[in-house]
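Common to both upcoming complexes is chain A, partnered first by chain B, then by chain C.
After this line comes the complex of A and B, so read on.
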C-alpha cells in the first residue's frame, strides 16, 4: 500500500470529531504529507509502529479496573469509557478560575486559533504522525482555559471496557498569565489509545501533570504532549507506566520565554512474564529563552524480556544563553533477558550554556542487596526497596507530597505482585 | 553462642584462599576482640558469617546457638540473631533511613512470630535510641547513609544494632575513622547493649577501642586463622610491640 493510501485508510477508519474544521483539515494534510511512520524513520527504529498504523485495532482484553488513584485528592473528575465521555461518572465541568468545554460539543472562541497549533509546532524538525492524526481525528477531549489558580485538580480517568476500542482524545489546555493547574490522568483508556495534550503555559503560569498509564497487559498507547512555556512559567510532568504491550510517549516542549522551567519525568516498570512489554519515551526539549531550566528524568525497570527505549534531545537555539539543560535516562535490568536502548542527544547553538546528559544500564547492586538482607529484609522485599531507590529521582519530580505518596504506594503494590 | 570450627574459605571466582582453618568460640554474654594485620581475613570472616555471596566454604562450620549458619540466607541469619556492623556501611539513595529500619525490624519480628510494631511504637523507639547516639531527626529522614560522614555512618550502624537487638554482634572496625567523641558515642552505644545473653565480636586495629569496650578475650588473627588467644593484656602487648613477634612465632612475617 502506498503511503498516501495508508493514510487515507487510517483517516477514514473513524469519523473525525466535530468543530475545528480548519485545524483538522490542516492536520490531515500534514499527515498525508508526512505519511505514517515506518521502521526506517530515524525515531522509529526501536519501536515498530505497525500496530499503531493499522486502520483496525487488534483486540485487547480489558482487565478489572485497579483501585482508583487520587480518590482522596480534591479534584474535578472526568471519566471517559473507551474514549466516550461518561456524564454519570463525571463531575460537573465547572470550577472557579477554569473554563472547561468538551471538544465533542463546543468550539470556544479562545480555542479556535490554538487547537492544533502546538502540535504543528512540534512537527519540526522531527515528524510526529500520530500527533497530526490525533488533531485531525480526535472525537473528544477537554478544552481547558485557566485564568487563575484552579480550585482543584482535573482528574481524568480513562476506563477500558471494550476489547476493540480505539479512542482518540485531544486535550487543549491554556493557562493564562499567572494561572495554575494540576492535571491527573489514570487508566488504560482503550485497546489502542491515541492521546494528545497541547499545553500553553503563559507568563508566570504553573502547570503540573501526573499520569499513571494503566497496568493492563494488552493495551497499546501512543501519546503526545505538546507544550509551550512562556517566561517565568513552569511546566512539570510525571508519568508512571506499569506494563502494556506497547507504549509510545512523546513529548515536545518548547521553552520560549526567559527564566522558564520545564521538567519531564517518567518511571516505567515492565514484566515480560505477563506478555510483551515495550515502552518508548521520545522527548524533545527546545530552549529559545534565556536562563531556561529543563530536566528530563527517565527510569525503567525491566524484567523477563521487557524492552525499554529512550530517545531524548535537548535543543538549545541560538541566543538561548544561560540555559541549564539536564537529561538522564537509566534502566535497571532485573535479568539478562531484558533490554534498554537509549539515544541521548544534545544540539546546542548557544555558547554560554550548561547542558548534560547521561544514560546508564545496570543491575541490582549486590552490595546494597546484601546490606539490606543482612538486616533481615527478605531478598524480594530488599529488591523492591532497591527498585524504589532506583526510581527515586524520577518520583521526586512530583512536587506534591500526597500525590507522590500515592504513586509510591502504587509502585509498592506492583512490586509486591511481581516478585 | 558463636562457634566457628575449622573454617576454610576461598573466593568463588578465584583460587585465592582467605580463611585457612579458623577456629573461634564466643561464649554467651562475652565480648571477644579480634586484632590482626590488614589482609588477615577479618572482614571476610564477618561477611562469610553473615552470608555474603562470592565466597566458597570448602570446609568447616559456623553455628549460632547450635544452629548451622552457613546454610541460611543472610536474612535468616539476621532473624536468628546475627548482626554485622559493616566496616564500610553501604549508601542506599532513595530509601529513607526510617523506612529501612522499620522494614528490617518488622521483617525480623515477622520471622520470629512477633507482631509488627505500629508506626507510633516504632517512632518512639527509634527516637529514643537515636537520641542516645546523638543521631538527629534530620539524619533519620535522610536516605540510608547518603551524605553521612564516616562517623555518622558508624553511629548509624550502632543505631541499627540497638533497634534490631541481635544476640551476636560483630563489629568490623567500627572505630576506624572515628574521632574521640564519636568513638565514645559508639562505645557507649555498644556498652549499653551488653547483657548476659548477648555476645560481641569486636574487630579492631586499636587498643583504644578496647579501653572503652572492655573485652573478655582477645584473639590475634593473621593469614586466615587465629594465631593466639589471651586476655585483655594481649591487646596491650600488641599495642606496644606490634604483631611481628607473634607472626614470627608462627613462621609468618609482617609484610606477607
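After this line comes the complex of A and C, so read on.
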C-alpha cells in the first residue's frame, strides 16, 4: 500500500469527533504529509509501529479489573468506558475555578485557537504521526480550563470492556496564570488506545500529573503529552506502567518562559511471563527560557524477555542560558532474556548551561543482595527491596505523599505477584 | 580579532602580537608547486578502470572495484548526521592525481623527486631513515633506536615512498603502499580486504572501494612485536581533487603494532573531499594501537574551503584476547564524519576509544565510535571530549551494543562537551543496546563551559586569556592526551591551543 493510502485508510477507519473543524483538517493534512511511521524512521527503530498503523484493531480481551487506585484521594472522578464518557459512573463536572467541557459535545471559545497547536509545535524536529492522527480524529476527552487553585484532583478512570475498542481521546488543559491542578489517570482504556494531552501552563501556574497505565496484558497504547511551560511555571509528570503488549509514551515539553521547571519521570515493570512486554519512552525537553530546570528520570525493571526502550533528548536552544538539564535512564535486567535499548541525547546551542545525562544497564548488584541476605532477608524479599530502591528516584518525583504511597503499594503488589 | 584587542587593551608590543598571530594560523596551508597528472574529472566505470590500470592491478581487484561502483551508483548519501552538508558534486572533482615524477615509480627513496621530499621535510616528516617527527621539542633527547618511526607518505592519489622497509622486513613485518601489496601480496590482500568494512558498507566506504587510489598496508606476523612505530602521512596538494585512500592492517596471532596517522592540506577557498577506509584485523592475543592527529585544512574564519572528511574506520578483534585502541585528535576538516569502531568478536577481546574533537569557526564534526560486543567477557571503554567554539557544531555519536551472546561484558562511556562562546553547539547522540543481563553498560555525559574560576586563577597569575583557555582545555582533554604516543601527545597539545585561536574575546 502506498504511504498516502495507508494514511487515508487509517483516517477513515473511524469518524472524527465533532468541533474544531479547522484544527482537525490541518492535523489530517499534517499526517498525510508525514505519513505513518515505519521501522526505518529514526525514532521507530526499536519499536515496530505496525500494530498501531493498521486501520483495524487487533482484539484484546479485557481482564478482570484491579482494585481501583486513588479511591481515597479527594478527587473529581471522570470515567471513560472504551473511550466514551460514562455520565453515570462520573462525578458532576463542576468545580470552583475549573471549567470542564467534553470534546464530544462542545467547543468552548477558549479552546478553539488552542486545540492542536501544542501538538503541532511538537512535530518539529521529530515527526509524531500518532499525535497528528489524534488531533484529527479524537472522539472524546476533556477540555479543562483552570483559573485558580483547583480544590481537588481530576481523576480520569479508563475502563476497557470491548475486545475491539480503539478509542482516541484528546484532553486539552489550560492553566491560567497562577492556577494549579493535579490530573490522575488510571486504567487500560481499550484494546488499542491513542491518547494525547495538551497542557498549556501559564506564568506561575503549577501542573501535576500522575498516571498508572493499566495492567492488562494484551492492550496496546500510544500516548503523547504536549506541554508548554511559561515563566516561573511548573510541570511535573510521573507514569507507572505495568504490563501491556505495547506502550509508547511520548512527551514533548517546551520550556518557553524564564525560571520554569519541568520534571518528567517514569517507572516501567515488565514480566514476559505474562505475555510480550514492549515499553517505549520517547521524551523531548526543549529549553528556550533562561534559568530553566528540567529533569528526566526513567527506570525500567525487565524480566523474561521484556523489552524497554528510552529515547530522550534535552534540547537547549540558542540563548537559553543558565539551563540546568538532567536526564537519567536506567534499567534493571532481572534475567538474560530481557533487553534495554537507549538513546539519551543532548543537543545544546548555549554555552552557559549545565547539562548531563546518564544511562546504565545491568543486573541486580550481587554485593547488595548478599548484604541483605547476610542480615536475614530472604532472597526474593531482598530482590524486591532492591528493585524498589532502584525505582526510588523516579517515584520521588511525585510530590504528594499520599499519592506516592499508593504508587509504592501498587509496585509492591506487582513485585509480590512476579517473583 | 582577539589578538588585536589584546594589543590595544594591554599594550603588548607588536612583535609578540605577530608571533601569536602566526602561531595561530593553519601552519600547513601552503602548496607545493609540482607538475601533476590527472585522470579526467568525475567518477564513472571508465575512471574506476583507469585507476585500476594506473595501479597495474590484477583482474580480481578491478572486478572488486566495479562491484562497489555499481552498488554506489544506486546508493543515497546518508543524511542522519547532525551536519549541514552542502551538496557535493561527485562529478566535479578529480579522483586521481599523481605527481608526474611518480609515473615511473622510483625504486628507492633516493630517486624520489626532491620537491616531494622537501614537501614532507617542511611538514616535519622527513622521509629519511634517521629522525622521526622533527620539530617536536625534546625529540633530540630521545633514544633514536627506540623511537624510530617508519613512514608511508601519501601525496594526493599515490604513495611516494615508505621508509625503513628493509629493517621491517628483517622482522617479517610487511609495510608498503596498498598498491604494492595488491601486486606483491595478493593472497593477504584478497583474504582481508573488505573483510572488516565490506565493499558496500556505507555510501562513502562504497565510493572508496570503487576508486581508492592508494594507501598503506601492514602485516605483522605471528608473535612479532613490530620493532618501530609505523605511520602514514596523508597530504592533499592538488586542487579540486578528492583523496580516497585505503589502509589495511593485519596483526597476526600474538603480534603488536602501533600505528600513527597524520594529515594536512593547503588552504583553499573551495572544499575538497576526502573519503578513506581503514580496516584492521586483529587475531588471537594480538594488539593494535591506532592514533590519528587529523589536521586537514578546516576552512577559514568565514567557513570557506576546508576538507570534507568522510571516513570509515573499523577494527575487527576477530579472535580471543585481541585488543585495539583508537586514539584520535580531530582538529581539522570543515566537516568530519567519522566513527572508528570496534567489533569485539572474540571472547575476552577489548576495545578502547579516546577522542578529542575540536570544532572552531564554522567547522562541523559528527564523530564517535561503535563498540559491538559479540564475544563473552569483552570490554570496551569510550572517552570522548568535544570542544566547540565560534559558530561550530560538534556531535558525539556512538553505539554500544551488547549481543545476547556477549555475556559478562562491560562498557564504560564518558562523553564531555565544552562550549566556548554562545554561538556554537555541542551534542551527544549515544545509542545503547543491551541484550543480556550479565553485562554492565554505563554512559555518562556532561556539557559545560570553560570554568570561570579556573580562568580567573590563571589570569590572576599573569597567564594571557587565550593561553589560559588553552590550559583549561588541555586539562579537560588530559585523559585522551595521555593515551597518545609521546610525539603525538606533544603535537596534539599545541594543536589544541592553535585550533582555538581567535575563539576567546
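In this section, the second predicted complex is superposed on the first by the 419 of 419 C-alpha atoms of A that agree within 3 Å, B and C clash if a C-alpha of one lies under 4 Å from a C-alpha of the other, contacts with A are read in each partner's own complex, and residues count from 1 in each chain.
Here is the rule we go by: contacts are C-beta pairs under 8 Å (C-beta built on N, C-alpha and C of every residue); 3 or more make two chains touch, one makes a residue touch a chain.
Everything numeric in this text was worked out from a predicted model, so none of it was measured.
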Review point. For A:381, is the partner it touches chain B (first), chain C (second), both, or none of the two (neither)?
Key: first
Check your understanding: Taking the superposition as given, does A:36 touch the first partner, chain B, the second, chain C, both, or neither?
Key -> neither
Check your understanding: Just chain B (first), just chain C (second), both, or neither: which does A:366 touch?
Key -> first
Practice item. Applying the touch criterion given at the start, work out whether A:181 contacts chain B, chain C, both or neither, answering first, second, both or neither. Key: neither
Check your understanding: Where does A:138 make contact in the superposed view: on chain B (first), on chain C (second), on both, or on neither?
Key -> neither
Review point. Of chain B and chain C, which one touches more of chain A's residues?
Key: C
Practice item. Please work out whether A:393 is in contact with chain B alone, chain C alone, both, or neither, and reply first, second, both or neither. Key: first
Review point. In the superposed view, which residues of chain A touch chain B and also chain C?
Key: none
Exercise for review: Would you mind writing out the residues of chain A in touch with chain C in their complex?
Suggested key: 42, 318-319, 321, 331, 333-363
Study note, to complete from the structure: Interface with chain A, chain C side, in the complex: residues 80, 82, 402, 404, 407, 417, 419-449
Exercise for review: In the complex, go through chain A and note every residue touching chain B.
Suggested key: 366-368, 370-379, 381-382, 385-386, 388-393
Review point. Which residues of chain B touch chain A in the complex?
Key: 50-53, 73-75, 77-79, 83-84, 86, 89-95, 99-100, 103-105, 107-108, 111, 143, 160, 164
